[in-house]
Every structure is written in C-alpha cells, then in structure tokens.
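Reviewing the structure listed below.
Letters are used for the chains, namely A, B, C and D, taken in the order the chains are written, and counting of residues starts over at 1 for each.
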C-alpha cells in the first residue's frame, strides 16, 4: 500500500468520524462546530478527486459561509426549551431507521463498486466544443455555455431563497434592516482583522473569478470569497446590513440572473437560439455575465445569512 | 521527496485529527472552536504538502481561500455563542 | 545546490511537523483553556511558517511562492485575532480567573 | 482501491448517516445538519462519476463537477431558508419543536405584533 493510499484511507475514516459526530453529539453547538470541521475535510477529499473547482466552492460556501450561518443560529437557539422526552423517537423506530440507513448505504456501496468500466463520460464532447467558447477551464464552459440554462435557474433559486427569508419578517420590520443594531463601538481586535483582511481578500476573490476562465476558479468561488469579506466587516461592526428596501441592494441581488436572461434572450436574435452566443463573442459575453454573477453572489450570500429584517425601517 | 511530503502531510493531518476527535467532547465550547482552528491550520498545511507532492493545479488557491476564512468560525462563535447573556432579541428597543 | 535546498526543505518541514505534534499534545494535555490556547497558536504560527519555508524552494513560479507566503500571513492574522477573541470570551464567561 | 472508489464509499456512508440523523433527531437544527450530510454524500457520488469519466486530457468529467458546484450553492440557500424558518418559529413560540400546536401549550398562541 502506497503512502498516498494510506493517506486517503485515513482521510476517509476522519471524514466519517466527524460526520458521525455531527449526528450523534449530545449538544447542538458541538454538532455545528463538527460540521464546520467536516466541510473543511470534505474540501480535502475534493482535492483528492482532482476537482479543485468543487474544493474551492466547498471551502468557501460549504465550510466558511454555512459555518457562520449555523453557528449564529445555534447561538441564538441556546435558550430554546429542550425538546420534550416524548419527541425522542422510540427504540423500535430507531432500530428500524438504523436498518433502513444501513440498507441504503449498502445499496449505494454496491452501485459504487459496480460502476461500468470504461465509465461513460461527456469529457470528449466538452473538450471538442471548448475551443468555440475561447475558455480554458471546461467547468466554466459547462456552467456558462453548455448548460447555462441550469446555472441561470440556480441564480433564480438564490433570489427565491432571499424572497423566502425576507417573507418571514414581522410586518412592522418590513423595509428595515436584518440583524441587531451595530450601535456598539467597533471592538479593536476584530476591527483590525476586518480592516486588514478585505483588501487582500478582495484581491484574491477577483483573482479567482478572473483565472476561472482558464484555471480552477470562477464566479461562484470568487463571489463567495467576496461575500465573506463583506460579512467580516459586518461582524466587526464596521458596516451594517442595508435595509431591505434599499434599491441598490435589490438591483445587486437580481443583476446576475437579469443580465444572464437578457443575454440569453438576445441570443435568439443574434445567434439563432436561446442562450446561444454569437461566434467569436462567446468569451467576452461569458466574462460579462460572470462579472454580474459575482456581484449577485457576493451580495446574496450575506443577505441569506443575515436573515429576515429585525429592525424598524427608518422613516 | 514526494513520499516525504506525503508522509509529513499524513502525520500532521492525523495528529491534528486526533486532537479534534478528542476535544469535540468538550470541556467547553471554546475548546471545541480551538480544535477546529487547529484542524483548519493542519488541513491547510497538509493541502499545501499534498499539492506540492502530486502537482494538482490550482490547489494553492484552495489553501488561500481556506486561510482567508480561517477566523470566521471563531468570530461567529464569540459573537453568538460565547456571550454570557444572549440578546433578548427585542429589535424594537434598538433604536 | 539542489541537494542543499532539498536538505533545507526536509529539515524545515520536519521542524514544522514537530510543532503541529507539540500543539496537539498541548491541546490534549494542558489543564486549562488559556494554556491550551497558547499551545494552539504555536502550531498555527511556527508550524505552518516552517513548512511554508520548506516548500518555498520546491515551488515552480514566483506567483506560487507568493501565494504560499500569503497563506501563511493570513493564518497569522486569523490566529492572532481568534486567540485574542477566544481568550476574552473565556474571561468574560468567568471560566478563567 | 482507487481514491475515487474510496470517496464513493464515503459518499454512500454519508448518505446513510445523514438519513439516520434526519429520521431520529427531533431538533430541527440537527435535522438541517443531517440534511446537509445527505447532500454532500450525494455530491461525492457525483464526484466519483466525474473522476472516473476522466478523458480527453481532462482529469475529470466537467459536467458532473459543474452540477455539484451549482448543487452546493443551492444546498446553501436551502439551509439558509430552513435556518430562518427555525429561528422564526423560536421567536414566535419560544421553542423549536416540530410537534403539533396542541403539545405546545399557551405560548404558541402569543400573537406577533
């Protein structure tokens, strides 16, 4: 057994141990902390699968932004009443659930072990058509050219999630800002971090979007890092969540899907098909869309973490 | 050299992981956050070592991204879970 | 020349690995949260620092070396901040005298 | 066993673990965590299909990878909506139980302004 294999097996055991902890831990907070560690380990697994784009997404969204969301929620729920004993599932139910889950796992494991060889793949098709887009990163090609319709709908899902979260606001807070007031003085340590980190973070975020055309990276990953930078200035009380009635905020939220749809519709006239790019203009158009998508993601993620408005609107 | 880098990566990941699995049990939530922090640094380090050993492109960006977000869990923890008394959440009194 | 650089890398990486080991031992064995915090920051700062130093001669381009150093600098910043914040949170919650 | 097969088996185990947590854990927050485990397990299964489909000079099939990337973002927005619902439930009722209102007691009727 080579060292790399030993490393893989160790990593697998570790991922499963931490995952089991998130399920079986007695305290909710311990489970959430374990989930953050789990996201980090998962991005190592993705690197071992040579899926660096996915590893970047998992690191930024799966571990970073989701971690802040869940830790915040677990902290606010600390005072919640413990669930009643009657809610605990009975022992037979747990046994049945256990048997069911073992069966599901075994079935999936059998499927994994009996996958066809050679594996079916779309890589040759992607490689063949990639030249037409002018891109070097096949994943960006799939996201923004070959399956752009999926990506556009996924941006719409993000907007719908924002609508869903905002709709949970009390009537009196409608039009106000999410989060509690940041009236307290910015505190030194955090303020320092929030002043030093964003300049470098914005540089790295933009770099990741820019190289995404040819190397691992892209609008999702870079946008998530930019979102994290905005979040850290809010966590240090240097900036506040904007009120949800703010026009620029709403424009930024929909700019990604709106530009995407507009260019898709323009494709009918210009290139003879919905979401078709005119020959020779594919790469500039894709970069144009990616720019607005990055903006949308960078604004949407913190808004989703911020939750529904909780302050009275200014009148 | 490759084997050396990989063994170092494995060794670091596992010392850190042993710490994590042991510390997740508590005593305090602060210890749990510290253990996650150590796993983060250890994970980034092994990522850099494995990336150099196997030559997968773009892994340095993953390490950079993880390093940028390293402080997030701890700050969210201090903001929300470590405060002695949670806010009563009455937004109306804020302003 | 390559041999010298390789030996340098190996020594630096071994030293860094040792600090991670020491940090974990400290996290497991020290009696109270503040000393555990002390052990943790050593692994963050010196452990990663030495390993980045050891990897620098093995990088292929200037950009890659810059990214390595930037990763280390970011972890420095994160670890210094979180150590402060966690220590303060511990004191506020009365777990530390 | 290759790294890809191993990752596939991790994915299978994660789906099982998450499903168990989803069924047996009464707390909504823990159900959200469990649901995320199921999701990441499914993503890993996509991941090995991508890795096995390495061809034409690519280290992995880009199509499943792109789907996983959109999947991670959608999973995040679903989690954010679920967390907002749980927090709202807590605000209104003072508890986070998923049982029917009858078991809740009088606090459940506290009107929101």
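Quick note on the criterion: a residue touches a chain if its C-beta (ideal position, glycine included) is under 8 Å from a C-beta of that chain, and two chains touch if they have at least 3 such contacts.
As the structure is a prediction and not an experimental result, all values here were calculated from the model.
Enquirer: By number of C-beta pairs in contact, which two chains lead?
Expert: Greatest count of contact pairs is found between chains A-D.
Enquirer: From the C-alpha centres, identify the chain that is farthest from subunit D.
Expert: Computed centres place C farthest from subunit D.
Enquirer: Quick one: report the Å distance separating subunit B from subunit D, using the average Cα coordinate of each chain.
Expert: That pair's centroid distance is 21 Å.
Enquirer: Can you compute the centre-to-centre distance for subunit A and subunit D, using the mean CA position of each chain? Integer Å is fine.
Expert: 12
Enquirer: Let me have the rounded angstrom distance from the C-alpha centre of subunit C over to the C-alpha centre of subunit D, please.
Expert: 32
Enquirer: Measuring from the mean C-alpha position of subunit A to the mean C-alpha position of subunit B, what distance in angstrom results?
Expert: A distance of 18 Å separates the two centres.
Enquirer: Listing for subunit B: what residues touch at least two other chains?
Expert: Correct list: 33, 35, 56, 61, 64, 68, 71, 75, 77, 83, 89.
Enquirer: Out of subunit C, which residues touch more than one other chain, so two or more?
Expert: As it turns out, subunit C has residues touching two or more other chains at 70, 74, 77-78, 81, 85, 88.
Enquirer: For subunit D, what residues touch not just one other chain but two or more?
Expert: 59
Enquirer: Going by the contact rule set out above, which residues of subunit C touch subunit A in the complex?
Expert: Those residues of subunit C that touch subunit A are 70, 74, 77-78, 81, 84-85, 88.
Enquirer: Mind pulling up the subunit A residues that touch subunit C in the complex?
Expert: Subunit A residues touching subunit C: 189-190, 192-193, 196-197, 200, 204.
Enquirer: Provide the residue numbers of subunit D that touch subunit A in the complex, in ascending order.
Expert: Result: residues 1, 3-21, 23-27, 29-30, 32-34, 36-37, 40, 43-45, 47-63, 65-70, 72-74, 76-81, 83-88, 90, 94-99, 103, 112-113 of subunit D touch subunit A.
Enquirer: Which stretch or stretches of subunit A touch subunit D in the complex?
Expert: Subunit A reaches subunit D through residues 4-5, 8-9, 12, 15-16, 19-20, 22-24, 28, 31-32, 35, 38, 42, 45-46, 48-51, 53-54, 57-58, 61-62, 65-66, 69-70, 73-74, 76-77, 80-81, 83-84, 86-89, 93-94, 97-98, 100-102, 104-106, 108-109, 111-113, 115, 119-124, 126-128, 138-139, 141-143, 146-147, 150-151, 154, 157-158, 160-161, 164-165, 168, 170-172, 218, 220, 297, 300-301, 304-305, 307-308.
Enquirer: Spell out the part of subunit A that touches subunit B in their complex, as residue ranges.
Expert: 3-4, 6-7, 10-11, 14, 17-18, 21, 25, 27, 29-30, 33-34, 36-37, 40-41, 43-44, 47-48, 50, 52-53, 55-56, 59-60, 63-64, 67-68, 71-72, 74-76, 78-79, 172-173, 176, 180-181, 183, 190, 193, 197, 200-201, 204, 207-208, 211, 215-217, 221, 225, 228-229, 231-232, 235-236, 310-312
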